[in-house]
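These are the structures, in C-alpha cells.
Next, two complexes with chain A in common: one pairs it with chain B, the other with chain C.
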Partner chain A sequence: MEIRDENFRVWAENECVYFDGVLRLAGPDAYSPIYSLAASLLHEDHARVIFDLTGLEFLNSSGINLLAKLTIEARKKPEIQLVIKATTQYPWQSKSLPNLKKLYSGLDLQLA
Partner chain B sequence: MSRTILGTTDLAETSLSSGACLTLMDGPLELGWRLSGLTSDFLAEAMALPFTGSKTRHANVHHSIEYLSNELIENALKFRQPSDIVIEACVDADLFLMRVRNEIDSETSTRFQNLLTDILSADPGELLIQQIEANAASNASGSGLGILTLLADYGAELAWEFEGANNQRIQLTTTASVQIPLA
Partner chain C sequence: MADLGSIRSEAVLMNSVSSKNRPWRSFRAKFILVVGSAVLVDLLISGGLALWNVQRLSRDATEEVGHGLEQASQDYIRTYADSTVAQVSLLLDQVHSDVGVLAGVLQEQIDNPRQQIDIGSAISGVSPGSVELSFDPAGQWAQNAPGSPSVVSAWGYLLNADHNPRPDVLADIRASSVLDLVAPSLLKNGASKLQMYYIGPKERPIFRTAPYTDQAQTFDRLYPGHNAANFWDFFFPGLYETWQSQATGHTGQAIPVEITQTAPYTDAITGKLIVSFFQPLWSADRRSVAGTAGTDITLDQLAETVENVRVAETGFGFLAMSDGNVVAISGRGEKTIGLRSTSDAKGTGVTGLERSLKGSSQPAIAQLASDPRDGIRHISLDQNGEPVPFMVIMKTLPSINLWEAGKVRKDAMSLGIVVPEREIYASLNAAQAEISEATNRIVVYQLLAILLSLVIVTLAVFAASKRITSGISALAGAAQRIQSKDYSVRVAVTSRDEVGEASEAFNRMAEDISYHTENLERLVKERTAEIEDAKEEISILNAQLKSENQRLGTELAVAERIQMMVLPLAAELASSKDLEIAAYMSAADEVGGDYYDVLESEGRFKIGIGDVTGHGLESGVLMLMVQSVARALQEAGTTDPVKFLVDLNSALFKNIVRTRIDKHLTLAFLDYDGKDMLISGQHEEVIIVRANGDLERIETMDLGIPIGLDSDISAFVSTRRIPLEKDDIIVLHTDGVTEAENAHGELFGIERLCKEAVRLHQQSADRIATGIIDTLMSYIGSHKIHDDITLLVLRHR
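== the complex of A and B ==
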C-alpha cells in the first residue's frame, strides 16, 4: 500500500510505515488516506509498529496533527509498542516531535 | 473604520521594506494551495542564502523561514476573500520578519479575533497539547495548530492587525518574527 505525489511518498512494509519527502497537504481531510494507512497497522496483530520519519524533510502543522492523532490512537492500544524513528537532520523533527511524548509517555521516540 | 491589533503590538509597526515584496495577484494565478509551498520554498532559499557558510546553520535558518512562511501563507489562502495576497519578508540582524496581508470577511474576522484572544491569554505549549487532544476527538476540518506550533515550537512572535468597518471586508495584516538560530 502506497500513497504518493511528486513531493512525498508514504508506504507500509510489514510493521513499518515509511514517510518520505515534503508533506504539505491542505488539512485533516487531505491527510485522511495517510491516516487510514498508518492507523490500519495499529489495528493489526503487531507487537510493535514503527513510523519511520527519517526521510521526511518537511511537515506542515496539519501533518503534525496527523502524527498526533496517530499517537493518540496508539495510546488506546498499550499492547502495541509504537516506535517513531526520527532524525535531527531535519529541524522540524527536533522542534515538534517531543510534543508527541507529552501526549503518550509510552511512545518510543528515537530521535538521532 | 476600526483598527484592532492583537499580539506583539510593536511588530505591527515594524518596517519590512528592506527585503522581498511579493504580490500573489488574484485572477489568472488562481491562488491555489500549492502556491503556499512554492512561495515559502522561494523565500527560504532567498533569505537563507547569506547563511550557506555553515551547513547546520543554513539548514536551521532555511527551515525556520520555510515553516513560518508556509503556515502564514496557508492561512491566507485558506481564509481569504477573493483578493491579492501581499507578502513582505526580510532578515534583520538575528531575526527573520514576515508580513502577509489579505482580506477576510467580517464573520471570519470576529471568529479569528476571539480565537486569538484565547491563544494570547494562555501558555501556547499547554494550549497546543489541548488543541491536539481536542482535534483527535472531533472531525473538525482545520487542525488549528499552525499558530500554536509557531508560538510553542519556534518561539515566534506574532501580531495581527484587523482594519475595516463592520459588515464589510476586513484587511488582515499578520506580522511574524522568528529568531534565526545561531548554530
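== the complex of A and C ==
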C-alpha cells in the first residue's frame, strides 16, 4: 500500500510505515488516508509498529497533529510497541517529535 | 475478405498499370539497368582483353613463324644453290679431268718422241685409216676416210704440192693417232662430252677429233675461208699467243689448272651451242706450245643441271658468266628475267652467244649484272605489267680461264636461283593465313560467346527481376489503390523474404485501414456520444466545483474575518507604560490559524502567541475559542500561568471533542508584571536581544505541550522567568516566519531571524517589526506563502 504525490511518498512494509519527502497537506481530511494506513497497522497483531520518518524532510502542523493522534491511538494499545525512527538532520523532527514522547511515555522515539 | 483469385487478378492488373505508368523509372527497370550494366561492362572488359590478347598472340605467332619459315626458306635456297653449284662444279671438274687425261696422254707422247713414234707406227699398222689422208680437191684439204674412231683433217697449207701432208705434219698425224686409243673410252665414260680432239701447234694445226664426223666439210660449209688462214688465228685468235707467252715466261699462268674455256659458241659440226675446254700441250722443253687437247660439251649439259633446278613451283636457276652473259637457263626462266639472245654474227672466231643479264628487259636483273655479289637479294620483276617480288640468290663458281674475244682472262661463272617470293613464302603465307584464320575464328567465337552470355544474362536478369520486383511492384500498385481509397486491395504473398514480410504487413495495414474506414462513422458516433456524456459530466462537476469554490470562498472569507476580528486593537498594544509592542500578521491565501493577543487586567499584561494546525474556517473558530477562553481566564483572575494553560487546554479539549474539530495548537504566553517576564507553554523559540546587543534564545519545548491533544496537560506545563531591562527586546513569531521559503525552496530560518533582530534591536519596536518583515518579504520574493506570518516585537521602554 502506498500513498504518494509529486512531493512525498508514504508506504507500509510489514510492520513499518515509511514517510518520505515533504508533507504539506491541507488538513485532517487530506491526511486521513495516511492516518488510515498507519492506524491499520496499530490494529493488526504486530508486537511493534515502526514509523520511519528519517526520509521526511518536512511535516506541517496538520501532519504533526496526525502523528499526535496516532501516538494517542498507540497509547490505547500498550501491548504494541510503537517505535518512531527520526533524524536530527531535519530541525522540525527534534522540535516536534519530543511532544509525542510526552503524550505517550511508552513510545520508543529513536532520534538519531 | 476477398477470395485469393480476385486478389491475384487485382495484383496483376495493378502491376501492369503501374509499370505502364513509369516503365523506365520502375524498380525493375533500375534493377535491370544496374545488373545489366555491370554484366555488360564485365563482359566488354573480359572480352576486350581476350580479343586483345588473341590479336597479340596471333601477331607474335605470325612474327615468330614468319621469321622461322623465312630463315628456313632462305637456308633451303642457299643450300640448294650450294648443291647446284657443287653439281655444276662437279660436271666441269669431270670435263676438266677428261681433258686432263687426254692432255696427259698427248703430252706423254710429246715428251717421249721414241714412244710417240712407236705408238704412232703401231696404230698406223693396226688402223691405217686413222693416219692415211686423202686429198679433197673441192675443199683443198686432206682428211682420213670414215671408219676410224677419229677424224683427222690436214688443211691445205699443211700439204705439199702433191697434196700429201708435209712430213712433219704426217708425223704429227701419226703421233696424234694415240687419241684413237684414249678418246673413245673417255667419251664413253665420265661427263657427257660432245667430242674430244687434238689440235696441233700453230705450225701444223691438224685437227683430230673423236668420234668421226665430216668435220672439214662442215667447216667449209659453216666457216668459209677457214682453209686459207691458220686454224688458230681463224678460230681462236689470241688464244695460242696467250699460251705461247705463258710458255716463254712473259706472263704467269693465270691459274694452276691449265685449262682454258671458251665462251659458248655454235658448234661447227653439230650446230649446237657448245663450250670448249682446252688444255694446252707443251714442247718437251716447255718453251713453246705444242698444240692442245680439247673437248666440247653442249650447253645443254650445263643447262640441264641448271634447268633441273626446281625451287618451289616456278623457281629456276641460271648460269652466267662474270660479264652477265647467261650460258644456261631454261626457256621459262629466260622469259621471266627478260633475257634477249642475240647471235654475235660479226664477232671473230667461233660464233658466240650474247644473252646478257645486262640486256634484260627487267631493270632489277640488269642491275644484278652490274653487282653480281653472292647472297640473297629481293627484287621486283614486272610480270604482265604487275610488279612481282622475287628472291634471287647468287653463287659464284670456282674461277676458270676464259678465252673470249681473242683474250684469255680469269673468269668465274655465277649460279643464280630465282624464286617468286610468294612461292617461297607460300608456306609462310599459308601459316600466316592459318593463324589469321584461327585468330578470326577465335575472335568470332569470342564475340559469339559474349553475345550469348549477354543474351543469357539479359534473359536471366529479366526473369530474376520479374521475380524480385514483382512483389515490390504489386505493393506499389496496391499502395496506389489504397491512395485512391480502394481499401479492399490485398497483395499476394509469394515469397518469404523482406518483400513477403512487407506484403503481409501491408495486408494487415490494409485490413486495419479498411476496418477503421468502414467503422469510422460508427466510431465517430460512439466517440461523440462518449464525449457528450463526458461533457455533461464535466458540466455537472464544474457546477459542483463552482458551488464548492463559492462555499470555500465564503468559508475562507468568514475565517479571515474571524481571525482579524479577534486581534487586539492598536490601543491595546500601546496600553503598557513599560512595554512598546508592535505586531504584524499576514494571513496566507487559505487562512492559517495564527493567533496573538495582548490582554491587560489590573496592570498585568498577558501576551499570547499561538498557531492552530491546519487552515480554514475551523482553524479560525478554534482560534476564536482560544481567544475567548484566554480572555475569560484573564478576567477571572487566574494569575498562575500554569493553571491558566491547564484550564485553557481543558476547556479547549472538551470543545474540540464536541465540535469534532480535528486540530490542536501551540500556544505560549508571556506574563509581565512590570518587572519580570514569565514564559509558559510550548511554541517557537523566544528571541531576546539585550540592550547591549547580546542575543538569547529561549527554547519553549519543555514549557508545555500543544493545546487540545490531551485532556490534562498539567504534567507538562511549567514557566521560565526572564529578567527584562530597559531597551531589551523580545521577538515572538509563528513558524510562518522561519518556514517561509525563497524561490529555491530554502527556509528563512531562525538564524536569519535572530540576525535581523540583533541588527535592528536599537530601533523602535515598530521599526524592528517592519524591518524584519521587509527582509522576510524580499527573501520570499514571488514565491508562494504557505502559512500565516505573525511577528510580535516587545521593547522595554
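Simple rule for what comes next: the second predicted complex is superposed on the first by the 112 of 112 C-alpha atoms of A that agree within 3 Å, B and C clash if a C-alpha of one lies under 4 Å from a C-alpha of the other, contacts with A are read in each partner's own complex, and residues count from 1 in each chain.
Basically, a contact is a pair of C-beta atoms (placed from the backbone, for glycine too) under 8 Å apart; a residue touches a chain by one contact, two chains touch by 3 or more.
All of these numbers come straight from a predicted model, not from anything done at the bench.
Engineer: Following superposition onto chain A, is the placement of chain B relative to chain C best described as a clash or a fit?
Structural biologist: clash
Engineer: When the two structures are laid over each other on chain A, which of chain B and chain C touches more residues of chain A?
Structural biologist: If we count touched residues of chain A for both partners, the winner is B.
Engineer: Of the two partner chains, chain B (first) and chain C (second), which one does A:W11 touch, if any: first, second, both, or neither?
Structural biologist: neither
Engineer: State whether A:Y90 touches chain B only (first), chain C only (second), both chains, or neither.
Structural biologist: A:Y90 sits against chain B, while chain C stays out of touch.
Engineer: Once the two complexes are overlaid on A, one stretch of chain C runs into chain B. Is it 59-67, 563-571 or 689-697?
Structural biologist: Of the stretches 59-67, 563-571 or 689-697 of chain C, only 563-571 runs into chain B after superposition.
Engineer: Once the two structures are fitted together, what part of chain A is touched by chain B and by chain C alike?
Structural biologist: Touching chain B and chain C on chain A: residues 24, 26-28, 58, 60-62, 64-65, 68-69, 72, 95, 99, 102-103.
Engineer: Enumerate the contact residues on chain A facing chain B in the complex.
Structural biologist: Counting only chain A, the residues touching chain B are 7, 22, 24, 26-29, 58, 60-62, 64-65, 68-69, 72-73, 89-92, 95-96, 99, 102-103.
Engineer: Can you check the complex and tell me which residues of chain A touch chain C?
Structural biologist: Checking each residue of chain A against chain C gives 24, 26-28, 58, 60-62, 64-65, 68-69, 72, 95, 98-99, 102-103.
Engineer: For chain B, which residues count as touching chain A in their complex?
Structural biologist: Touch residues, chain B against chain A: 33, 36-37, 59-60, 63-64, 66-67, 70-71, 74, 78, 128-129, 132-133, 135-136, 139-143, 145-146, 148-149, 152-154, 181.
Engineer: Taking the touch rule as given, give the residues of chain C at its contact with chain A in the complex, in rising order.
Structural biologist: 590, 611-616, 618, 662-664, 666, 682, 701, 705-706, 709-710, 716, 735, 739, 786-787
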